Amino acid sequence: MGIMGQAMAANLVKAGFEVSVWNRTAKKCEPLIKHGAHHGASPAEVVANCDITFAMISDPAAARELCFGTQGVLEGITPGKGYIDVSTVDPQTSVEIGLAINKKGGRFLEAPVSGSKKPAEDGVLVFLCAGDNFLYNEAMPALEVMGKKTFYLGEVAKGAQMKLVINMIMGTMMTAFGEGLSLGEKAGLNMSDIITVLDQGVIANQMFRLKGPMMAEGNFPTAFPLKHMQKDMRLALLMGNENGQSLFTAGAANASYIKAKNKGCDDDDFSAVLQVIKE
Amino acid sequence: MGIMGQAMAANLVKAGFEVSVWNRTAKKCEPLIKHGAHHGASPAEVVANCDITFAMISDPAAARELCFGTQGVLEGITPGKGYIDVSTVDPQTSVEIGLAINKKGGRFLEAPVSGSKKPAEDGVLVFLCAGDNFLYNEAMPALEVMGKKTFYLGEVAKGAQMKLVINMIMGTMMTAFGEGLSLGEKAGLNMSDIITVLDQGVIANQMFRLKGPMMAEGNFPTAFPLKHMQKDMRLALLMGNENGQSLFTAGAANASYIKAKNKGCDDDDFSAVLQVIKE
Amino acid sequence: MGIMGQAMAANLVKAGFEVSVWNRTAKKCEPLIKHGAHHGASPAEVVANCDITFAMISDPAAARELCFGTQGVLEGITPGKGYIDVSTVDPQTSVEIGLAINKKGGRFLEAPVSGSKKPAEDGVLVFLCAGDNFLYNEAMPALEVMGKKTFYLGEVAKGAQMKLVINMIMGTMMTAFGEGLSLGEKAGLNMSDIITVLDQGVIANQMFRLKGPMMAEGNFPTAFPLKHMQKDMRLALLMGNENGQSLFTAGAANASYIKAKNKGCDDDDFSAVLQVIKE
Amino acid sequence: MGIMGQAMAANLVKAGFEVSVWNRTAKKCEPLIKHGAHHGASPAEVVANCDITFAMISDPAAARELCFGTQGVLEGITPGKGYIDVSTVDPQTSVEIGLAINKKGGRFLEAPVSGSKKPAEDGVLVFLCAGDNFLYNEAMPALEVMGKKTFYLGEVAKGAQMKLVINMIMGTMMTAFGEGLSLGEKAGLNMSDIITVLDQGVIANQMFRLKGPMMAEGNFPTAFPLKHMQKDMRLALLMGNENGQSLFTAGAANASYIKAKNKGCDDDDFSAVLQVIKE
C-alpha cells in the first residue's frame, strides 16, 4: 500500500473486484477499506481469502520477507492459488519465489510494471509478465483494469529482466538529460528553452516534457523514488556482470544516483539526481 | 550539398526562392541546378549574388575554411549582406566567424539545426538561432520553408551551445538505448520486445521507435553520421570543461563513439554505436 | 592447487610442515605428493587430518561448494579445528562460512592474500586476516613461511573487504596505465619510452615495471587471471552499492574487463585488458 | 616564479649559472635576486640577456601570452637564441610557439617536467624533451642541475604528449586510490591500514606513500595544484579525441576533478579530489 499499491488496489475496487488488502502498517489500508476493500490480518490470510493475490513491494529483500516470512504468502498457498508479484525485483529473487510457490501447488506470475504514480492512478500501467501462462490469462481482467497493455515474455525472470532493462535506459536518460540541462545553464542558456527545443525533436518524450519544467525550478515531487531507481540500476549492472555486458554509460549514471542518495535524496523523485549533477 | 544541404536547398527552390548553390565537388550541385538553382563558382560568388547566404558544412575546420579561405565567404561580404551558418560548430568558431563578417559590414546569424535527413527533406527542421536579430526576421520566410520551428536564443554562440547540448543528450540516450538492447538480448529477451515495451512508457520517443527496429536487425542507414555525432559529443565535453560541468555519462558515451569510429563506422548512422556496445 | 595453491603448499612442504592436499582434479596434487605431501580424498578428510586447513579457491561459488558440499570442509570440522580461507571472496560469503564453522565448534580466519604467482612462489605474499584472533596467532608460523607480512584487521569480512579495495585500485590502475600506453602509441610515442619515463616519477611501481614491457610486446603471461580481476572488480562495485560509495573510475575499469572477457581473455593476465583499450 | 619556477631557478643560481628572472608580479622574483639572480624588465629583456631562456608557466594561454605578447619572448629572439619551455602545454601550442621561434632564427626545445614541488627543490625532476637536438645538448648542464634524468623524444610536440600521458595516468591513479580509500572507510576499514597494505604490494608507489597519510587526515598541501591536473586531464582527453583513443577511466577521473574545482579545490593539491569522491 505504498504509492503504487494504493493506486492499483483502488482501481480494482472501483472496477468491482472483491479485494482484500494487507500492509505492514495497517493504517495505510484505511482509505481502501472505506471504499469497500476487506482487510487481511497477514499476507497468508489475504492469500487464503483470494484466488489471485497481487504483491507490490519495494525491493528484493522485502519481496522475500513477504513470501517466506512468518504468516507470509507461502503459508497461505494451497494448490491452484495464483500469486502475482508486480514489484521490480532481481531475476534470481523472482525465480526463488516462483519455485517455492510451485512446490506448494500454487501458480506464479511475475508482472513488474512500467509506469509510476500517475499511470498507476489512471490505470494505464504496462505489465511485463512472465511465468504461468494460464494464470496470466485468468488475471487478464484485473490487469486490464490496472493497465493499458500487458506483455507475456516467457519463463519466470524474463519480466524482471525486461523491467530492469527499461529502468536502466530510463535512469541513464535522466542523467543524460540532467547533464545537458546543467551544462546549458552554466553556459548561459535557459533550462526551459532547452526543454522546449528538446520537445521539437526526435527525442521528445513524456519524461522530459513532464519532469523537465519542475526540474528547472528545483522541484522533484516523487513519482518514482530515487532510491528505487538506484536499486534498479544496481540490479541491471549486476545483470550486466552476469551476462558479460559492459555498461559504461549506465555505470556512470548509477554512480550519480549513489551520490544523490548520499545527499539525502532517497525519497525524492529520481529526477533529483540533477542536484548532484549541478555540483 | 551533403545529405542536409541538398534537402534544404531543394525545399528553398521548390518554394520559389531564387537560389545559388556551391559545393566543393561541383557534381553534387547538379540535381539542384536541374531544378532551377544557379551555380556559384565559389563561396564568394554565391555571397555576392545573394542577399542571404546559408552555409551547411560538416565541422568547425570546414566552417572556417569556407569563410576565411581563398574565394571564401568573407571575400564576398559587403555591407548589409546576411550570412547564416546552419552547421553545428563549436561556440568559439561561431564567434570568430561572426566577428569577421561584422567587421566587413555584414550581418551574421548562427542557426544550427535540430533534425537530420528526413526532417530536412520534409522541411520540418528546428532552427536554433543566435546573433543578428534583424537578419533573423528577414530570413524567417526561408527558415519557415526549411523548418517547422525557429528559436531566437540571444547573442552569437548560444545557438551553437544549444545544439551541442541537444546532441549530447541525444548521443548519450543512444548509448543508453544500445546498452539496454544489448543487455536484454544477452539475457534472452528479444530486442524487438524491448523496443515495443519502451514505446508504451514515458520515455517513448521517435528516435527509439524509428531507429530501434533497424538496429535490432543490424542495419544503420545513415541519417546522422556517427563521425558527426562523435564530433558534437567532443565539442560538448569541451564545453563542459570550459564551464565547469562534470559529464560522467556523456563522457562514457563519447568514448563508445570513438571506439565505433575506430571500427570503421564513421559514415554509418550514429546508432551503429550498438556494434561496439555488443562486443 | 591452482597457480596460487600449488606455490603456497610447496613452500609449506619445503619448510617442514606436515601437509595434506586435495584438489578437484587429483592430478594437480601429484607434484606436491612427490615432495612429501599427503593426499586427502576429500576436503572433509583433509580437515579431519589437520589442525589447520588452508583453502585457496577461485570464487565465492567455489568457496561455498568447498565448505558446504558433500564431503566438504564442514563435514570434517570438529571442535577446535582451524579453517583459514585465503581466497578472495565477497564479505558475505566469508561471514556465512565463518558462522557455519563456528556453529560446529571450529574456528575461522579469513586471510585473502595480496600478491600473485611470483610472490606466492617466493613466499612473500601479504595476508589480510580477519576473524579468530587465536587462530591467527597459531597459524603465524605457516603464514610467515608463505608471506612476508600479515595484517589482523578485525572481525570476519574485513579481510575480504580489504582485498577487494586493494584489487579494485590495482585493476583501475591497470586500465589507466593501458589507456596511457595506447594513447601515447597512437600519438606516435613508444610504449617503452612511456614505461621508462613512468619509472622515474612518483608513480613508479613494480606492476608497471614488470608487466609494462610485456604489454608493449602484446604478451600477457598469466600472473593474475583477467577473469578473477573482473570478479573482484564486480564484488568491489557491489560493495560500493551497499556502502553508498560512487565508483566512477572503477566502474569504467570494470566495464573494460567485461569487454576483455568477451574477447576471450579470461585466462590471460589481467593486463590483457590493453587489447580492448587499443580497439 | 610559481612553485616550480622558483625552485628550479634557485637550483640554477646555486649551481653558479648566471640567471636572469622575470615574473608577472615582480615581487616573487625578490628571493632569487637576493641570492644573485638578475631581474629582467620583461620576457623580451630576459631573452635578450641570455643564451638560453627557460619558461615555466601554468597553461597554454599563458604560454602563448608569454611568447607572443607585448615585450614577450618572441621580441627578444635573435638568430641562435635558445628557448626552452618546461611548462605542460598542449601539443598544438608547443608546435605554434616552436614555429614562431624558428622563423626568427631562434631554436626551440619543449621540455615539460615530470615531478612537482619537492623534486623541483631537490633538483631531481625528469625532463621530457623534444625539438632542437643541438639546444638539447647545450642545455644539458642546466638540465642536469635541475633534474635527475632527461629524455629526448623527437620532434616538437612529443614532449608535451608524453607529459600529458604521464599526468593522465597519474590523475586517474589518484581517483582510483581515492575511490578505494573512501570505499574502505565506508565499509569500516581504516584508511591508514589500506595505505599500509598497498605499500606491501606490487602497486606500492611514492605517490600513495607520501600523499596517502595526509589524505587520510583530510590534508591536501599543494604539491601539484588540482586545477593544473584538471587542465592536463582535459588536454589528454582532447588528445584522445584527436587520435581516436577511447579513455573511459581517464574521462571519469576528469569529471571528478571538475567537480572538485567547483567545490573550490582549485589551488589545493590534486589529491583533494578525495573530498568529492567521499560525497
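First chain written, first letter: the chains are A, B, C and D, and each begins at residue 1.
Quick note on the criterion: contacts are C-beta pairs under 8 Å (C-beta built on N, C-alpha and C of every residue); 3 or more make two chains touch, one makes a residue touch a chain.
Because the structure is a prediction, the values reported are computed rather than measured.
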Could you say what rotation angle superposes chain C on its sequence twin chain D, using C-alpha positions and rounding to the nearest 5°? 180
Compute the centre of every chain as the mean of its C-alpha atoms, then state which one is farthest from the centre of chain A. D
Centroid distance [mean C-alpha coordinates] between chain B and chain A, Å: 38
Distance in whole angstrom between the CA centres of chain A and chain C is 38
Going by residue number, chain B touches two or more other chains at 240, 244-248, 251-252, 255-256, 259, 262, 279
Just say which it is for the chain contacts: an open line, a closed ring, a star, complete, or other. complete
Contacts from chain D onto chain C in the complex sit at residues 91, 114-116, 119, 126, 128, 148-149, 151, 153-154, 158, 161-162, 165-166, 168-170, 172-173, 175-177, 179-180, 182-184, 186-189, 193-194, 196-198, 200-207, 210, 236, 239-240, 243-253, 255-256, 277, 279
The residues of chain D that touch chain A in their complex are 248, 252, 259, 262-263, 276, 279
Quick one: which bits of chain D touch chain B in the complex? Just the residue numbers, please. 230, 234, 237-238, 240-241, 244-248, 251-252, 254-256, 258-259, 261-262
